[in-house]
Amino acid sequence: MTMTAPQIAAQGTGLKARPSRFLILFQPHNLVWTIGGVIIIAAGILGIVLQLVPSWRHLYLTQDLTATFQAPLSTGHVLGTDNLGRDLLWQLIAGLGISLMIGIGVTVLSLVLGLTVGILGAYFGRTADAVSNVIVDVTWAFPAILLAVLLAGAIGPSVTTVVLALALTTWPGYARIVRGEVLSLRERDFVNAARVLGVPKLVISVRHFVVNLMPITIVIAVYYVATAIIGEAGLSFLGLGVQAPMPSLGLMLSVGQQYLNVSWWPVVLSGALLALVVLFLNAFGDFLRGRLDPHGRVPRR
Amino acid sequence: MRGPELLVKASVSPAAVPASRPALALLDLSISQRLRRTEKRLVTHVDLEVGQGEIVGLVGESGSGKSLTALACMGLLPSGLAVTGGDVHLDGASLLGLAPKAFRALRGNAISMIFQDPLSSLDPCARIGAQIIETIRAHKDVSASQAKRDAIELLDRVGIPRAAQRMRAYPHEFSGGMRQRVMIAAALVLKPRVLLADEPTTALDVTTQAGIVELVRELCRELQMSVVWISHDLALVSELADRVAVMYAGEIVEVADSKVLFRVSRHPYTKGLVASGSIRPYGERFSYIPGSIAEPGTWPTGCRFAPRCERVREECVGEHPDFRSGTTTVRCVNPIEYEAE
Amino acid sequence: MKFVLTRLCYAVVIIVLVSIVTFYSMHASPGSVVSSVFNLATTPHSVIVAYERRHGLLDPLPVQYWHFMTGLLSGNFGTSLVSNLSVKTIVANSAGYTALLAGSAFVLIFGVGIPIGVLAAIKRDSWFDRGVRAFSSIVLAIPNFVLGIILILVLGIHLHVLPVAGAGSFSNLVLPAIVLAAAEWSLTVRVTRTSFLEQLSADFTRTLRARGVSERRIQWRHVLRNSMGPIISLGIIEVRNLLGYTLIVEVIFRWPGLGTELVQSVLQRDYDVTEVLSLLLAAAVVLASAFGDIALSLVDPRVRVTGEHG
């Protein structure tokens, strides 16, 4: 049986998603993860909404200097209060919202950058490849925190700084994977067929490379969100990221550390939430990886 | 375990035993994979004796259990597989009953093995000299310089040019044939009594193959060493070996003198192997055996070849056939008979 | 040879780029060192301008960069505008502490991580292996600054076992070194385990067994060496991260190293200090990668030929 070029070309497109496979999320041994994930995601969405609706911000911003350092489960604050008497539960939810927003922003930015440079390098000639290789290698060798610290120092600490600094240091890893994948994809029949048919390179890039890279990209994206959330917390912890009064898990840790002798729960709660979110995202990434990346092209976390 | 062994022995005809005293004897050897509740039989009741200085070919399709048989003799079955019956004797002494440490002392020393792919079978990160010296020092308490001299001598003997310099080379710096020579050197450096060769020429091209075959033949004669040569290439084996045993689906189906077997194969399976391996005039169709070897665990209770056999009869599917003697020893109820020449 | 040259070019490019990025990002930014030196609300404008002129802060940026780089190459590292200490003194005072901290973490990551990974692989699916795997995935999920604060809370403040800040004695070193090493240690254990298991089932181990080589020798000599490739490749990235994380860990534990100085200088816009310290850090990373590449080629002879792994 022989296929015509358009038939072969059509082969490569499209995700073969099998939704039934995701039913295992609801099997008993995965249920804890699923429920935990739903709670985290719900809290995160609530946190994002808090940022978008100014009139709700009082929930986590209202100070009560007569009721500072309240322990959890006392005085109507479920998780207690911080050094300014603000409600810790709402602080955590709002902080998680910011973390997720920054995490998603960083991920989108570095994926777009990595995809562009990776495809350029692998499919648009030797010069492009050489140049992109140098850029990727040089950025790769740069300690992420150092670049972030410098950038934060340069443009002043803010959410934008954090997103830029983290995106600029995470994209080379993805660009390398993209380049490797495109190098093997471009030799495949459906790409050759499309090229023979006179499809422009740009269209091939989008229709075949980007589409075929989607499964591993989704997996990487989940890992990247986790990495970026840690990065954001770290920068904010150093005072180079999110600035008060904007809520941030890193900021809570940093402030909490100063009052560690007085009350430990702000630090433990924000630290635990951070760790749980990262643990969940990594587990979710591993889960997706098992489904979307059967050949193990994405390095494991 | 003694009982069935004697029984099977009794059914083996004179053609199936070596002329000289056996150096290696497989006695009713069975290998199974342990599953959760049951076990899957992979090799069943293999009897084979290899005389001193004799070369025995073990032939069969992939999946027939010939490599597993050899690994069992070395005590190197992959995890999950185990010998479930029978024994292997080296010079009349049981191997499989040995403690792991005592068995290890014999491996590479009294009984050795070479493998199919010489690139992946040598440690890519160790110099070849070191790999040979390591074998010597694992068994003998000799000085490093003496071990080195022995290694160079043997490398020279297996045909590595400038052996002394090449001691410092790494496996990837050699060609396939040279690598196989290195592996042979490392396996034979302690002059073992028995060499098990698991398709050592399959990964090589034909001209290189001939060189390796010739080398093993010479070394076998020099060292008075017994060789079990495993291959799927019946033509190659019948040229090299004194006797040939054909395996199908985990058991030996025919044993004979190699000259005899090639000419008058009585088992339909052997006949098919001979036919598919021979060179035919231009235009004549290649002959092949239809169907494929039965997976372990799905073997029929009767003759395991019956589903593919063109000479199949009613009694073939009922009872498992036993050995019959004749010009060859064959496990078939309806063997091909030849007119006396 | 070509491989070495390429690496060398990269090293130079990286260091020059770091210097440019650092310099411009520090100088082009709003806010200035003068705000750290003077109270802007009370100091007369003329004083500030005079100060800026004296320190060459009014020159065009390329000129300032040129002065900085030529000074650097002739051994003049500049002076802190905030503390008036020469940058050389600052480096001399703090570099030893950072080297000690990073070195200890390095030993923990590889000296302890690799043997544990190997043991987990050898005792695959045993309780030890399961314990190590569970422990490493938990540690991996806890960001190092969170781990640092939690350890301070538990061991320092509640149990009073270990000092939580400062430097000087061995007990001061324990917590920061553990915190700095934790995440990368987990990664090393995991990669060692995976890589070791992969090599343990490689064909050549069967050949070695067939020649009667002892299992212990096969594992610790042949298999370990063959599994070093991925470990070192990861190690290069880990050392890069490690050096970056010294910034955070030093701040948490008030460890008087380069990281603390660097973060402080960034916040105060103490130009010369930031620039020299970032360059030092970048040079350390570049050097570490170079050593990693050399180690890679020493371990796997095939790398020497192709210049690439695998």
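Residue numbering begins at 1 within each chain, and the chains themselves are lettered A, B and C in the order written.
Note that in this section a residue touches a chain if its C-beta (ideal position, glycine included) is under 8 Å from a C-beta of that chain, and two chains touch if they have at least 3 such contacts.
Since the model is a prediction, treat every value here as computed from it, not as a measurement.
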Separation of subunit B from subunit A in steps, with touching chains one step apart: 2
Centroid comparison with subunit A (C-alpha atoms), farthest chain: B
Pair exhibiting more inter-chain C-beta contacts, A-C or B-C: A-C
Interchain centroid distance [CA atoms averaged], subunit B/subunit C, Å: 55
Subunit A-subunit C separation of Cα centroids, rounded to whole Å: 23
Touching two or more other chains - residue numbers and ranges from subunit B: none
In the complex with subunit C, residue positions of subunit B that touch it: 74, 76, 104-109, 112-113, 115, 117, 120-126, 134-135, 138-139, 170, 172, 183, 186-187
Touching residues on subunit C, where the partner in the complex is subunit B: 202-204, 206-214, 217, 222, 225-226, 299-302, 305
Complex contacts: residues of subunit A adjacent to subunit C: 134, 137-138, 141-147, 149-156, 230, 233-234, 237-240, 250, 253, 256-257, 260-261, 264, 267-268, 271, 274-276, 278-279, 282, 300-301
Subunit C to subunit A touching residues, read off their complex: 10, 13-14, 17-18, 21-22, 24-26, 28-31, 137-138, 140-143, 145-146, 149-150, 152-153, 157, 190, 240-241, 243-245, 247-248, 251-252, 262-263, 266-267, 269, 274, 278, 281-282, 285-286, 289
